[in-house]
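What follows is a set of structures for review.
Both complexes shown next keep chain A, but they swap its partner, so chain B is in the first and chain C is in the second.
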Partner chain A sequence: MNARSVRESHRGASTDRHPGSPAWAPPLVLAGLIVIAWAVSSSLADSAVYPGPAEALESLWSDLSSSRFLGSVVDTARVLLLSYGAAVVIGSVAGMMLGLSAFWSGAALPLVYALNSIPKIVLYPIFLLFLGIGDMSRGSFAFVSGVLPMFLIMVEATAGVSRLHLKMSASLGMSRWSLIRRIVVPSVLPSLAAGMRLCFGLTLIGLLLAEMFSGSSGLGYELLRNLSLARVENIMGQVLLIGVLALVPTLALQQLELRIRRRYEVTA
Partner chain B sequence: MTARSVVPAYVRPTPARVAGMPARGWTLVLLVVMVASLELYARSGAVSRLDLIPVSEMATRSIELLGDRDFVVDALLRSALLICVSFVASALVGVGVAYAMSRYRWIHRAMKPYVNVFYALPIFALYPVMVVMFGTGMVPIILLATLFSVVIVIANSLVGFESTPPIVTKLARSLEMTPSQQLRKILLPSALPDILAGLKLGLGYAIIAVLATEFILATTGLGQVVNRAYNNFNTVDMYAGIVFVSVFALLANLTLSAALSSFDWRRR
Partner chain C sequence: MSSATTPIVRATQVEQHFGPVHALGPVDLRIERGEFVSIVGPSGCGKSTLLEIVGALQDPASGTVEIDGAPVDGPRRRTAIVFQESATLPWRTVLDNVAFALEVRGIGRKERRDKARELVQIVGLAGFEDHYPAQLSGGMRQRVAMARAMSTEPDLILADEPFGALDEQTRMLMAEELLRVVDTIGCGVLFITHSIQEAVLLSDRVLVMGRRPGTFIDEVPIDLPRPRSHVALSEQSATEAQERIWAQIRSEAEVAMRSER
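Moving on, here comes the complex of A and B:
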């Protein structure tokens, strides 16, 4: 995740308005086509390992009425919220601190970028060795997956604060604290919002991967449990559920990002 | 800096050296300090050898692994092959889809929202489904890695295609160029820097996806080496595998970056 992809996702969040049919029509048609293709191909294949959408929803419905599964959903949501919150707060504050010093950013960033380009999942056994199987290890792993990109985004954003504004604050003799509160924070808010959106997806992926590798509850664990029981329709149903659970916060964060950008983005 | 300046540090020009060392030197110092403290901590006896081994042992063991024929053929070459296949597939498909999106407004409007939210979806949840359908061979890994890396290629290439200056497109129309001429002589060269940035990210994503899927569930491969060592309490091999994977990912990223930036006309 480098500065460029961050910029790209800035642009990506803006929805362009076209006259004519409403913006949501074509994506919905595409989704409908995919569901129809899924239903038709599964009924043609008529195979036990390729269930159709109706069977998937049916088994999801029966899963949702089991208290063990609901417990797993709640577990995942709880760990996700904690690690996501920690990743956003720690990543953005630490990123801002480092970003204010160009020299130390230059010294430390290569290491952080290198660390970030390692496929983090292979580091997960280390978390297990030190923290044991449970909420601590998967939570910390999800935190690490989310905090590095958040940190990098915030360092780049803080380094990009307009020099003119910095000079102004210097000539006004602003204290360090009011510099951060009145100049830095408002300038980095759009990046912070974009970072929060990216960080959410990455934390969730980290958490699910950790649960899939080893866990005693959680959505990732349920997926692999159903795999060993060869209950594909349950897996499909749960994948749909995970998709919905991931989409709702993402769309909310996208809206937040749009609002913040309208209010705070500096257009040169 | 002996004389205290009234100008705050954040508006002073970035110093070339701090304490007589340039930023690169400090990067090295940071790296050495981190590695050395890990080494000392592991050797101090404060931590069990089952949890952590000295860095020097990790390194020697991972070099030994290179001489192990089984490791090289079954794990390293196989993973490298999977990464290459998924990377090439996602590069071709990604640029193709981005071209279609930039050419046909309807495709653009149907797909753009999905491209925007794709990385919020934990796509690895689909891996168990693919394993049930295609077995634990190479097919599900390639499918998942291609799917995971293609979207970042699409997003970046689309930015490239869309940032073609309108005046050049007009020129193409007045020269009555065919669509394929337009693509080869105008769109591709003009979008090249963004496509290359996308490919670079795409390789990173392909590596992550291949190693993560191998790590969770596979019969062999680099990710599986780490997983198996962890499950067998073979801490030495586990750390050696982690070090190997990290160096492998770093080298692959650096090599591709160097290779790609030689094509990038914006940097010449």
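Moving on, here comes the complex of A and C:
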């Protein structure tokens, strides 16, 4: 077997992954069809509590020109960024450290799994009690919603580092630090990327929930406020806004994950 | 201490227990410098355990191992271990995989990459330096592992069923490749395999290990001229050796199967 034939067969394999039409086209077409169905059905229903996409966008546009609403968007984005960043960093570092020790992961994992299986919202009153209403309590709640799954994914990934790779490192007499840097971190990268994607969604849910229950600003607060004012088209507009805000990072993280997997994982 | 007559491996009365399981021994093992010794035996007989003890990946329950006249007390610089094919690091290119052992030993980037490039040529992977293992076949991945093992200029190679995951044809090609490499660098080899054919083709001596707790039940010298290729397997002394080894393993495997039932 020579170099060229293998390179060509590999190219053949990679074109299988990208068939004629680009991968983003079908979901985009489907999304367009759904919007059309929404517009048609709402104009047929002609109901005050079922606005169409045009009305939703219109109210969103007028919301976005109000400085209070914009402040809410910025608040949510700021708290989300901080709590998400903290959840990813703390969850992955702590998870990796625990995963490196068979004893401690055996001792701590069952407890963390038990904690993680409690619906997080049950814990929210405790956050309110200790941290009061405001950035601290909703930020911490969002952080906890995201950090536990991130932590668990990283513990499992670290504990799952190939035994063969560990043996090979041992045979070369690698130091612990060298082992972490050269074997453990690269091995867990695909899981880290998957964890980051999952963690983002969960942190966002945690934050919006917290804002709904006890906010004076933020998108969750605005949602409930519009509900009490019965402004359905504003709610629809906000749902669109949150959807877009969540979708962009999620798609970016998905791309990151895909790239790492393609490059790193032996498929044969 | 070490001289031309000191064996590269001398293991004396080595035994291993895993909890209540008596896994290995006691066994004696002696490998001369530049000698190729294979161990064949039924699954779970302790072959790999012995290899890992010689490679300082496990400590024996009792007995001593000396390499090049010195007692083993940790990973040794000039001992290289070749594992199954999946021991290549999937996030590193072929070149960086081959350079890995040198990198761990603190060799500078330029020097280790030059050396790795040379070795990639020797194992026949020229043109694949920048490929990732996922883009290679199993046999090619194993060439990467072989090149990595050679990079540290070993005087002893320990190979633990290195071709176990490959198909029959690739196996035969890789065995010939290994022979060529070992002849080039002239190191001693301890080779663990399930394949009697492979053992006979490669070795100066084949040791047959009985079922657990593994001890050597036969020692078969392979009297074939070198350099060898697969053609040597059809010579009469080779077929006789294969039959003799198979007869031993078969009776051991049958007893093992009966006792497991």
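Simple rule for what comes next: the second predicted complex is superposed on the first by the 242 of 268 C-alpha atoms of A that agree within 3 Å, B and C clash if a C-alpha of one lies under 4 Å from a C-alpha of the other, contacts with A are read in each partner's own complex, and residues count from 1 in each chain.
The rule we apply is simple: a residue touches a chain if its C-beta (ideal position, glycine included) is under 8 Å from a C-beta of that chain, and two chains touch if they have at least 3 such contacts.
Remember, predicted model here, so these are calculated numbers, not experimental data.
Quick one: chain B or chain C, who's touching more of chain A?
In the superposed model, B touches more residues of chain A.
Could you look at A:Leu189 and tell me whether it touches chain B, chain C, both or neither (first, second, both, neither)?
Touch status of A:Leu189: second partner only.
Touching A:Lys167, do we find chain B (first), chain C (second), both, or neither?
Once the two structures are laid over each other on A, A:Lys167 reaches both partners.
Determine, under the contact definition given at the top, whether A:Ser178 touches first (chain B), second (chain C), both, or neither.
Once the two structures are laid over each other on A, A:Ser178 reaches chain C alone.
Is A:Leu128 contacted by the first partner chain B, the second partner chain C, both or neither?
Once the two structures are laid over each other on A, A:Leu128 reaches chain B alone.
Now for A:Arg68: first (chain B), second (chain C), both, or neither, which partner does it touch?
Neither chain B nor chain C is touched by A:Arg68.
So chain A touches chain B in one structure and chain C in the other; where do those two contact lists coincide?
2, 4, 167, 170
Applying the document's contact rule, which stretches of chain A touch chain C when the two form their complex?
Spelled out, the residues of chain A in touch with chain C are 1-4, 6-7, 10, 162, 164-165, 167-174, 178, 182-183, 186-187, 189, 263-268.
For the complex, which residues does chain C have touching chain A?
Chain C residues touching chain A: 52, 55-57, 74-75, 77, 79-81, 83-84, 86-87, 89-92, 100-101, 103-105, 126-128, 131-138, 140.
For the complex, which residues does chain B have touching chain A?
Residues in contact with chain A: 7-11, 14-15, 18, 23-24, 26-27, 30-31, 50-52, 105-106, 109-117, 119-129, 131-133, 152, 155-156, 159, 197, 201, 204, 207-208, 211-212, 215-217, 223, 226-227, 230, 235, 238, 241-242, 245-246, 249-250, 253.
Mind listing the chain A positions that touch chain B in their complex?
Checking each residue of chain A against chain B gives 2, 4-5, 8-9, 11-13, 15, 18, 23, 26-27, 29-30, 49-50, 100-104, 106-108, 110-111, 114, 117-126, 128-130, 163, 166-167, 170, 176, 179, 197-198, 200-202, 204-205, 208-209, 212-213, 219-220, 223-224, 226-227, 230, 232, 235-236, 238-239, 242-243, 246-247, 249-251, 254.
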